[in-house]
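Letters are used for the chains, namely A, B, C, D, E and F, taken in the order the chains are written, and counting of residues starts over at 1 for each.
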Amino acid sequence: MKLSVSHPPHIKQGVTVKTIMWSKIAILMAVSLMAVFVFGLSALAMILVSTISAVITEAGIQKLTKQELTIKDGDAVSIGMLIALLLPHTVPIWVPAIGAFFGVALVKHAFGGLGSTLFNPAIAAWVFMNMSWGALTKISSVSHIGSASYNILFLGKYSDVIFESGAGTLAEVSSFILVIGGVYLIYKKYIDWRIPSSFIVTTVVMALLLGEDLSYVITGMLFLGVFILATETATSPITKNGRFIYGLLCGVLTVMYGFISCNYVVAVLYAVFFANAVAPFIEKNTSPKPVDEVAL
Amino acid sequence: MDKEMGVVLLKLVVLSVVAAAVLGAVYIPTQVQLKIYQQEQKELALVDVMPLADHFDPVRSGEEILYYRALDADNNLVGYSFFHDQSGSQDMITIAGGIDTEYKVSGIKIMSHAETPGLGAKITELAFTDQFIGVAQSDLMLSKNDGAIDAITGATVSSVAVIDGIQAKILEIKANE
Amino acid sequence: MEDVSLFAIAINGIFVKNFLLVQFLGLCSFLGVSKETKSAVGMSAAVMFVMILASTAAFLIYEFLLKPFGLTFLTTISFIIIIAALVQLVEFIIRKFSPPLYRSLGIFLPLITTNCAILGVVILNVRLEYGFIESVFYGFTAGVGYTMVMLLMSSIREKCTVLRIPEAVQGIPHAFFITTLLSMAFVNFFGVIPT
Amino acid sequence: MILCVSDEMTKEEMKNNSKTPKEAEEYRQQVVIPLLQHRGAICEPLVDVEDNVLIGQKIGECDNDYAAQVHSSISGHIIAIEERPHPSCVKKPSIIIESNGTNESINFKTCTNPSKEYIFDTLQDSGIVELDGYPVFNTLISKKIIDTVMVNLTYPSDANSNCTSDNIPKIIEGMKLLMKASDAEGVIIINKTDGQLASSIRSSLNGDNIKIINTKRNYIPLMNNLLAHDMTGIRISNRDTPGYAGVMISSAYGALAVSKAVLEGIPPIEVNVTVSGAVKNPMINTVSIGTSFKDVIQSSGGYLGEPGKIIMNGILSGTAQATDEVPVIKSTTEITVQSIDEVVRDKPGPCIHCARCVDVCPVNILPGRIASFSDIGRYDECSKLHVNSCVECGLCDYVCPSSRHILQLIRFARTALIRLFNIPEEKESPNLKLGCESCETPCDTGTSSVTEGGKK
Amino acid sequence: MTGTLLIAQSAMVIGGIGFLVGIVLIWASIKFAVETNPLVDEVIEVLPGANCGACGYAGCADFAEKVVEETAPIDGCPVGGFDVVKEIGAKLGQEVKEAESIYPFVRCNGGVHCTDKIDYVGIDDCRAVMMISDGEKGCSYGCVGRGTCVRACPFGAITIGDDRLPHINKNMCKSCGICVDECPNDILVMANETETVHVLCRSNDKGKLVKSVCEFGCIGCRICAKNCPEDAITVTGFLAEIDQEKCTNCGLCVDNCPQKTIEMISTSVEAAA
Amino acid sequence: MAEKTILGEYLRGIVKDNPVLALVLGLCPALAVTTSVENAIGMSGAALFVLLGSNVMISALRKQIPPIIRIPMFIIIICTFVTIIDMVMEAYTPPLYKALGIFIPLIVVNCIIIGRAEAYAIKNNVKYSIVDAFGIGTGFLVVLVAIGAIRELLGTGAIVLFGFKLISIPIYSDTPATFMILPAGAFMTIGVLMALVNYNRIRKLKKGA
């Protein structure tokens, strides 16, 4: 009889990286379905190509450097899907393919893979694509695909917050899916509640203070940013106060960029990306005080 | 201060003096060459944007040259040409331009700029500048605003800067004449 | 000289034309010293201090010595002598009067003479034809921009000690990758305030 | 959060399955009594090989301040005094006694209304050790002024084993004795969710001046400082004890042992142990100290399938045993057997910085970050991040989605830091030499804790 | 002539600046003079700069300072080897003579031939394993084989082989001894290159116990001691020990050991394949 | 130590002591001006000129240079050459001068040049200093041209050298990844190059072991 010996605890909660990732992917799948429904097969093609490119890149790198394959953890899949979802459906199909390669190869694996990504690979890939093919990937926040046609529950111009908003990118037609999915993730504690709540509250409050029309500020991209992009674990601070401040910073930057450029869709992405850069600094300066620390 | 320090100081001063003298000696010939080159460039540009002209007559306000009246061999006025600085997306863009007597553009040339290579830097390319030839002042607008000029993709700011610069100068000349 | 508001200079110096990320000035010391926040802060303070001093001194020399005599071609040589002397002087003084400060700042001072950012800021002052206030203020804001990026970078690199960085990427290449992404994060400041 | 979850049996079922000590006796032919069952110095044996001893006879003593005498739990003769496996982690000197089957005991001196002095005297003699390893007597005589005696019933292993309806009045008796000894008020801490226990306690209190406080959290013995802090609001350094806040914390086991020792004169020779998990008849056993885990499990019907892991004192914070030969000691309250399939052997991945560990940590530190620093040998950083504040509750490890061995890495860093501070004369290399000598104190609750308690 | 004037002006301006700067700096260097020892910098330059700490000081610079202060031994840097010692000696004007080269060797033959007592789950580190129940190996004296020494070696000289024992690459080893310090079980010891016969076991357990867990463990049978013509082997408890002073590397004990515990290592450390 | 040979000293500057990849010096120009191969060649040409001049001068005057004002004297010598090349380029190659911008005067503070003065020229004779200057200069050139080529090719789809279209990628050049000629692309390129060099070095080390 050879007994197992280890340090406690001797059970695990059972929530694994895999569970968290695939739950997010499930939400992204719903978002993708909506995108295909609204934009047609070109959207489907983009999502497939981007995801496949991300997965192949990851597998290739791990094969080449003789690491263990980690496709199953879903990280590459979610990066690939997100990259497609951040683009308008008019983009040629090779753009997300190259973007996904950039995101997975340079922003994920060159930095050390899962957990070491200092910047959100999907947003970084988006910035890369935007810098390279600005004209092709241009997102505008004005062209709504018809708030008139979906006037839900007498919400008037706010109804597109629920059903579609911004209508620039694939992700933006699914505000309500993102909100439901995000709340589910928070409920299951797969993502932290502090970042989304402080992000969205700051955004709304700042926008109101500046006198912006909320129907331009609250876009589908904002919800994607709040629930999926900003809560990406490796790129946000781990301290509790740090996460509040991080959400706050995301919100402030979103409104600032949006206010100056009149484009609240792009603003969310740049805001979260810049906040990624500041996250370690926030984290460093919000070290918690343990309960047993006695003032001298 | 002892003698050793004096020697040190002397060496430093001697080196400085020699260095400065050498620089002064190089400065003079290069400066001459630079002047010649700049003049050449200017003249070339003026001719480029106003091919009909034979010589140019500067219109001044005080020391500053506002623009040139382009005259043919018989001293008839065939148009105007000018240099203009306009702020672009990064830094100043220096534009040379020529217009005929009906205030239609006869040609433009970007003299210097600091726009992003590959983006705004495309304003120097013929594909962009040739669009301007023959365009009337009223049509000097982006095509998306029903004008005659197609912006460079990804560099609207730079494109608009060039258009705006020429617009402003034409209005100035109109007002002056 | 165009009329440039101090606010525009500040935004330009800190964000739009950030010395490190956009203008590529001062990279050697940036990569060398940003491993730890402590030394990053020391270096930043030293750079900011010398930038302000150098902007002041250079303006005076340029305006009252070089320009009147038409000796503008001597700009570089006179500026670099001034900077070298200033740095040396500051080092002497700090070492004598504040050994603790010298211990934290002093080791960075020799690095500063050969830091492009300092010479860059004074030459840019001349090229942009800034007046006295603007020159000194530009020196200050360029220093602020330098400090900001330095702080972000050093916090990131400190966090990196617990990350699994591939062997071949460790060290300088990794620092470059971080800089790549930092630079991308600054990209959207382009065109916020056209100069 | 439920701290102990593995067994599906209700407490009722366990009680029905209980065996009296007599039934279990057949397995008790030999006991191994370690000479160290507390934090502090190892006891000197008072007996020699081949001596005969009686139940309750003192067989080990030490004159150190931090000491807890050990007593024989059976009558028989001593066959050896040697190093034997110990539930903490490494071998400890122990006295091995073979039963002669007579159950002869020394004369236990009963007392119905003890004076304060009598309580002190008996407690000093009885060597009762709290579940966190501190001898009760030492807590009482420490210079700190105790104004509250708290009985912590939120530690599931302890509460499950000791809070049977028979025992509850005795626990309250013991608590009152402690209150009398220290002129303090009494408080009983119960988890909010444990309504049944609260009501049975309330019915046994009949008008005593004892308060009941409900908490959200379960407190394991190592969280005593935290418990005192949560109740009083006073911050207690990890180098201090709850006494700093004027609080003495007792477990159900401790209170029970005090009442037994003072009123019935019986020193701690028996403990109540819940046997759960992959055994045939999970139940609460009353076991003589020194009985091997193997025998205890046998008396619960034996293993169900092949055992994968044997854990003392709770599945979340307990110690896994290398062998089932280890003896039951004073602070054993639960033995859990996991089948081979239940054993957690997930491969650790990289930290994904999800901060789930940060959110559950009761002492508000950054467990995952400390673990990462420990992993790369940066113990200085661990120290800066307050690694010594950790109360080893194991929650961080429990929730980590990347299956990182957070608690082990934290303990590792602490051990490294002790080495660093204990041997300053060793060269100041950034590399630290580690080994198990750091673990001089017994870790009966499964810890190689660094609190300076026993080291004078 | 403007040209000459210009040159003269330039010379005066830069000469003037140079003069002023020179005066100020010389004045400042005298006024604010602080003593430093240039020797320290010279010594730093000679040192290998690995900052490994093997010398026992906080990095190369600290060591250099201490050497100049003569509070550290001149041959205190094990990494640099004799060349460095000679150079430091030259700087400080001291004579030095070459030491014999020593390398760590692995005092355990168990590895895969030694049974596991428990199934350890946890962090992959020898020290961590030793903190639980005397380790996972049947033999509590043996090499744990989880490579703490591999990670400790600043020069990458150690690898764990298929036999789950460390192998030291003599070409890369700088004899710094860090691995010896780090090993929780004292498996690694420094040995002179000329000493080639070693007892590859350090178990003091009874022979029967050793035999039950390890194929190659020393059982204390004394056959080697009886066979040694030089009386170099003593068996205390259940473990043989070779007195290297007396040993002539004849190899008789190696041939006679029933457990194959004693081995002759041709170069004391084998180069990794 | 092995005997110094002229070839050896030259190659050392290119490979072992490569100023950018191995010594990590002179990064600013290496990144700022490498938007095209042409600029890269111009920059490294200018740097080579200054390096050569300063190495020769300093090596020739090395007996005359008092240690305490070593650095100021180096700077003055270097700066003289920099200003000369600055003026000459402004006059004779204005477009290139314009493209290189502030980085020509900044050669003064380029760590490579002072570094070589301090580490080499002050200790060695004129002959070897010339070889060293050529070696280091070539090393700088090789890296700059490599970075420039990668960035120009990927960033614009073609390499144009002095008006000639050297290489052009057919379909790609319609929509090249502009990212590459922006600052971020520069950082990325040099990062990838260095990672590859490192990878190779580590692989060799492991093999040699």
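By our rule, a residue touches a chain if its C-beta (ideal position, glycine included) is under 8 Å from a C-beta of that chain, and two chains touch if they have at least 3 such contacts.
Because the structure is predicted, anything quoted here is derived from the model rather than measured.
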If a chain touches subunit B and subunit F alike, it appears here: A, C, E
Labels of chains that are neighbours to subunit A and to subunit B: C, E, F
Chain of greatest Cα-centre distance to subunit B: D
Between A-D and C-D, the pair joined by more C-beta contacts: A-D
Length of the line joining the C-alpha centres of subunit A and subunit C, rounded to whole Å: 34
Chain centre separation in whole Å, for subunit E relative to subunit A (CA means): 49
Distance between chain centroids, defined by C-alpha means - subunit D, subunit F (Å): 68
Chain centre separation in whole Å, for subunit F relative to subunit A (CA means): 41
Touching two or more other chains - residues of subunit B: 8, 12, 15-16, 19-20, 23, 27, 31, 116, 119, 154
Shared interface positions of subunit F, touching two or more other chains: 68-69, 72, 76, 79-80, 83, 87, 176, 178, 182, 184, 188, 191, 195
Residues within subunit E bordering two or more other chains: 6, 9-10, 13-14, 17-18, 21-22, 25, 29, 117-118, 121-122, 132-133
Pairs of chains satisfying the touch condition: A-B, A-C, A-D, A-E, A-F, B-C, B-E, B-F, C-D, C-E, C-F, D-E, E-F
Residues of subunit A that touch subunit E when the two form their complex: 2-7
Touching residues (chain side subunit C, partner subunit E) in the complex: 61, 65-66, 69-71, 74, 77-78, 81-82, 84-85, 88-89, 92-93, 95-96
Residues of subunit B touching subunit F in the complex: 7-8, 11-12, 15-16, 19, 22-23, 26-27, 30-31, 33-34, 37, 41, 112, 114, 116-119, 154
Sites on subunit A touched by subunit B in the complex: 134-135
Contact set on subunit E toward subunit A in their complex: 116-122, 132-133, 136
